[in-house]
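Quick heads-up: structures coming right below.
In the two complexes that follow, subunit A is the common piece, with subunit B as its partner first and subunit C second.
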Partner chain A sequence: MQPLLKIEDLNVQFETRAGVLQAVRGINLEIGPGEALALVGESGCGKSAAAQSVLKLLPSPPARITRGGVFFAGENLTAMSEKELQRVRGRDIGFIFQDPMTSLNPTMKVGRQVVEVMYRHGEKDNKKNRERALEIFGLVGISNPGRRLDQYPHQLSGGMRQRVMAAIALACGPRLLIADEPTTAVDVTIQAQIMELLRDLQKKRGMSVLLITHDLSLVAGFARRVAVMYAGKIIETGTAEEVMNSPAHPYTRGLLASIPRLEVRPEERLAPVPGRPPVMINPPPGCPFRPRCPEAMYICAKIEPGETILGQGRIVSCWLAHPMAAESRPERL
Partner chain B sequence: MARYVLRRIVTMSLALWLIITATFVIMHSVPGGPFSSEKNAPPAVMQNLNARYRLNDPYWKQYLDYLLNMARLDLGPSFKYDRSVNEIISQGFPVSAQLGAVAVSIALGAGVILGVAAAWKQNRWQDYTAMSLAALGFSVPSFILSGLLMYIFAYKLMWLPPAMWGGWQHAVMPALALSALPTAFIARLMRSSMLEVLQQDYIKTARAKGLSPAAILVNHALKNALMPVATYLGPLVAAVFTGSFVVETVFAIPGLGRYFVISVLNRDYTLILGLTVFYAVFLMLMNFIVDLVYMFLDPRIKLADDRGD
Partner chain C sequence: MEIKNLSKYFRLARNLVLKAVDGISLEIYPGETLGLVGESGCGKSTVGKVVVRLYRPTAGEVLLEGVNVHNCGKRESRSLFKKMQMIFQDPYASLNPRMTVGEIIGEPLEIHGLARGKEIRERVEDLLDTVGLDRSFTGRFPHELSGGQRQRVGIARALTVEPKFIVCDEPVSALDVSIQAQVLNLLKDLQQRFGLTLLFISHNLSVVRYVSRRVAVMYLGRLVELAPCRELYASPAHPYTRALISAIPLVDPGAEAQRRRIVLGGDVPSPINPPPGCPFSPRCRESAGICTEEAPALRNMGDGRYVACHRA
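Presenting the complex of A and B:
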């Protein structure tokens, strides 16, 4: 089956005063129709840059796609002109941003912010659009939608605003929804509701979803496949079960260990991944995770690991997964 | 709303009283008086003049009399002109205000366009051009600009009358001269606030909706970026509508502006106080209107006493 979204060797750079920052360093991803994929990683790993590069939403300069491309339903989005891209944005691909407090225009009624998308993409009858907006508000679980349409963002709670964001993203019935940390800025109970809503929409509408998150615990039960990103590269992919149950990369193991679990006893502490992600301006050679890696070997400081294929759609970029790793164990740093 | 307006009126009256009192004290502590420039007037004449204008009364009585008259909206007779202060204002203000309205319109239109263009094309030639123009507007004094305009449009091209007040042709040059500085100021204000708005997350949302740059600019950025300009507009309208000494003198326009300077030179006590009161009331009124405009621009802003949803 042809994938709906295909990211091929995507490279994104930021020109900064300190030098060129390599935010995304050659990632490959495929999302099939109706599939949900989660792109997971710490803040600063390049996952948002990758997601926003799909629609070329990053301000350029400083951001630049230096290599590779994004294909949507066979069309090369990266090669499209700004005008052509505008027709895809909001119509074929919907986008939900992280912070619903700042992502809605504070001086425009939320109803108009939804209607606007539909107007832009073809339906010029705003009476019809309003009825449709009412319908979508109901769909995303906004109570009392008729009244909400004429309210301003500041009159709504954080969770409500994120639902409005979802309504904007869904207004034109997109085939792909990109949700960039949709639950980070809302509190935990709302978090669950938003995830429930996304899952529901994906199932009912057969929509593809690219979920960007730093929270592995959100992934279970939502995405069939997971890609873990670190320092601008995808370092591990697999089905959610594979990645959660038998993580192959030490970083993934670290992320999993830092999730609060019910069976953890109160006296046990959560184990965070020590250190910080590297800033990818003139990075040293070797694996970017090496300074934080509990299992680093001699070679990790010298050469960045390539991809090792563990199975169908199961790839890891780590020397430990290399067939010869077992023999070189004594070489540990 | 009614309570809010009432409270504003009370605070404005209080401020006005403070302004009158301060002006009164400062005015009388400056050496000389309205008639000290009358050379060699016989003492009897001086005595009569002082009695006629009640300058022999103790200060507190003059002060109270003034306040009482003011409460009846009577600003008293001018000491130098053969007219009352009320007459001077009601004759001069319409001229200055007409001119000011043209000038503020030019400043607002040109300033907003320049500022938006500069922000939209940041660090490109449009930005550099707009900001160079703004620097010029800031640094060229209005009497130089007036002279230059006169030379070009009246003397060389002979398109416009060089001075005096009459039809719209008379308003063009003085309005341009008056608007240079506020245009520059609004352009810079608009540029910086526009740049800030364009960084906002909701602009990215608008882009993700597939809106065209023009739609983003007009529907999402412009209104939000106008707030600082609205703030500046209150004092600007008050200052420009009450006339400019320099421009009105250069173009021989019978406005209000020159009286602000001449009244002080003449120690024309009633005119000084009258103009001060008029300016203060006008300024406070403009600021009040600006506060109302805010509410229209930003629905998050509610009047202090406006409770409930």
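Presenting the complex of A and C:
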């Protein structure tokens, strides 16, 4: 089956005053039609930069895609002109941003913001568009949709605004939805509502979803496959069960041990990853996780590990996973 | 610490009153951590701010070791600053950007005349050790630090005067998971080491479960449930608590697939014109006649458990 979205060796850099920041360092990802994939990592790991680069949403400069490409249904998005991209944005690929307050237009009624997307993509009959917007508002669970259409973003609660964002993203019936931290700005019960909505849309409409999140606990109920990012690279991929139940990378293990979980007795102490993520400006050689890694070996400080394939779609970038690591009983650093 | 019938109203306009906190009573025992949870706008932060005297209450009182914190003599009032401290959610906004870390942590010592000159420096270095920061941080400014490091500075500042009671208002919400766990462990350790009493305010129920002995749940300015941690999470009695707990995503995909989820409809109603009767009734599945007419009082259910629900 041909993937709907294919990210190939994507590299993204930011020019900063302190030097060139390597935000994304060669990531590969595929999402099939109707598939939900979660890209997980902490702030600064490059997950948002990667997601936004799919549609070239990052301002350039300072951002620059230096290598690799993004293919959507076989078309190279990276090579497209701004004009061609505008045809794809919102129509084939919908995007839900983290903070609805800063990404909605505060001076425009929310109904018009939904209608505008349809108009831009060739639906010129605005009366019909408005009816369609009403329908979509109902679909994303906005109560009293008729009245809401004529309200401004500031008149809505955080959860409602996030739904309006979803409505805009869904206005043209996209085949892929990219949701960048869609629930960080909302409360637990609203988070549950929004995740339920995304699950529903993916299942019922066969839409592909790329979920970007720092919250590993959102993954279990949502995505079949997970990719974990650290310092601009995907360091582990697998199914949700594989990654959550038998993580192969020490960072993934550390992340999981950092979450206070309902399934675990509260007396059990959290085992956080020590230290903090590196800033990827002139990073030292070797594995970027090495300074925080409890299992680091001599090789880790010298050479960055390549990908080791553990199984179908199960890949890890760690020297410990090297086929010869087990028998050599390497010394710890 | 005793909180008795505490209310805090904000007058927004002539006829517009926002009831942020509406008659809550709580006791916090020496050396315990009481978790206070609820969604944004439920009034939990307001409770914390009234308790440490950043706000004056509209009604009710707060007693610390029997002393009314809002109504006491000048001398007692001064000594209360040494007994109560607060750690804020946003370590970016709560540290003065023009002061060095050393000045921020040392300032309370000067104000209260607890140390002078060289002593201050020694004490600051001690505190940096305590919160797990290198001594070289003394001369740095807040903008040079990461979020986790700033929160550690905030904790050190709160500890400077050796308080007995600390209000922690969403202390880890702005931090990444791995850093969050570091700060949670630090808070837990400090509490044991110094025998601190903590009021731990958070919207994150998993975090609260990890640090608290007892947990209070707030909804629209009122307490809806108060129970020992274990009982609250194992068998929540209030429908709102049940929904909250079932909304927490589980990390284990197997367990997540099997559980029954209660997804609440709608949003939290506005505290400006709260619905009559039980504040939760418009979203409650078990709501019956009486629920929309009369607000339920917090009832003692035994075993340290209190619930405000007609149906419980």
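As a convention for this text, the second predicted complex is superposed on the first by the 322 of 333 C-alpha atoms of A that agree within 3 Å, B and C clash if a C-alpha of one lies under 4 Å from a C-alpha of the other, contacts with A are read in each partner's own complex, and residues count from 1 in each chain.
Here is the rule we go by: contacts are C-beta pairs under 8 Å (C-beta built on N, C-alpha and C of every residue); 3 or more make two chains touch, one makes a residue touch a chain.
Keep in mind the model is a prediction, meaning the values are calculated, not measured.
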Clash-or-fit label for the pair subunit B, subunit C on subunit A: fit
Three-chain overlay, vertex subunit A: subunit B-subunit C angle, C-alpha, nearest 10 degrees: 70
Partner chain in contact with A:Asn76 - subunit B first, subunit C second, else both or neither: neither
Partner chain in contact with A:Val117 - subunit B first, subunit C second, else both or neither: first
Partner with the higher number of touched subunit A residues, subunit C or subunit B: C
Contacts of A:Thr16 with subunit B and subunit C, given as first, second, both or neither: neither
Which superposed partner A:Val88 touches (first subunit B, second subunit C, both, neither): first
First (subunit B), second (subunit C), both or neither touched by A:Val273: second
First (subunit B), second (subunit C), both or neither touched by A:Asp99: first
Which of subunit B and subunit C A:Ala240 touches, first, second, both or neither: second
Touching partner for A:Met160 - first (subunit B), second (subunit C), both, neither: second
Distance of closest approach, subunit C and subunit B, by C-alpha atoms in Å: 8
For the subunit A and subunit B complex, residues of the former touching the latter: 55, 57, 85-91, 94-95, 97, 99, 102-108, 116-117, 120-121, 152, 154-155, 165, 168
Subunit C residues within the subunit A interface of the complex: 39-40, 146, 148, 176-182, 184-185, 203-207, 209-210, 229-230, 233, 243-257, 261, 263-268
Subunit A-touching residues of subunit B, taken from the complex the two chains share: 200-202, 204-212, 215, 219-220, 223-224, 297-300, 309
List of subunit A residues in touch with subunit C within their complex: 42-43, 143, 157-160, 187-193, 195-196, 214-221, 240-241, 244-245, 254-263, 266, 269-274, 276-277
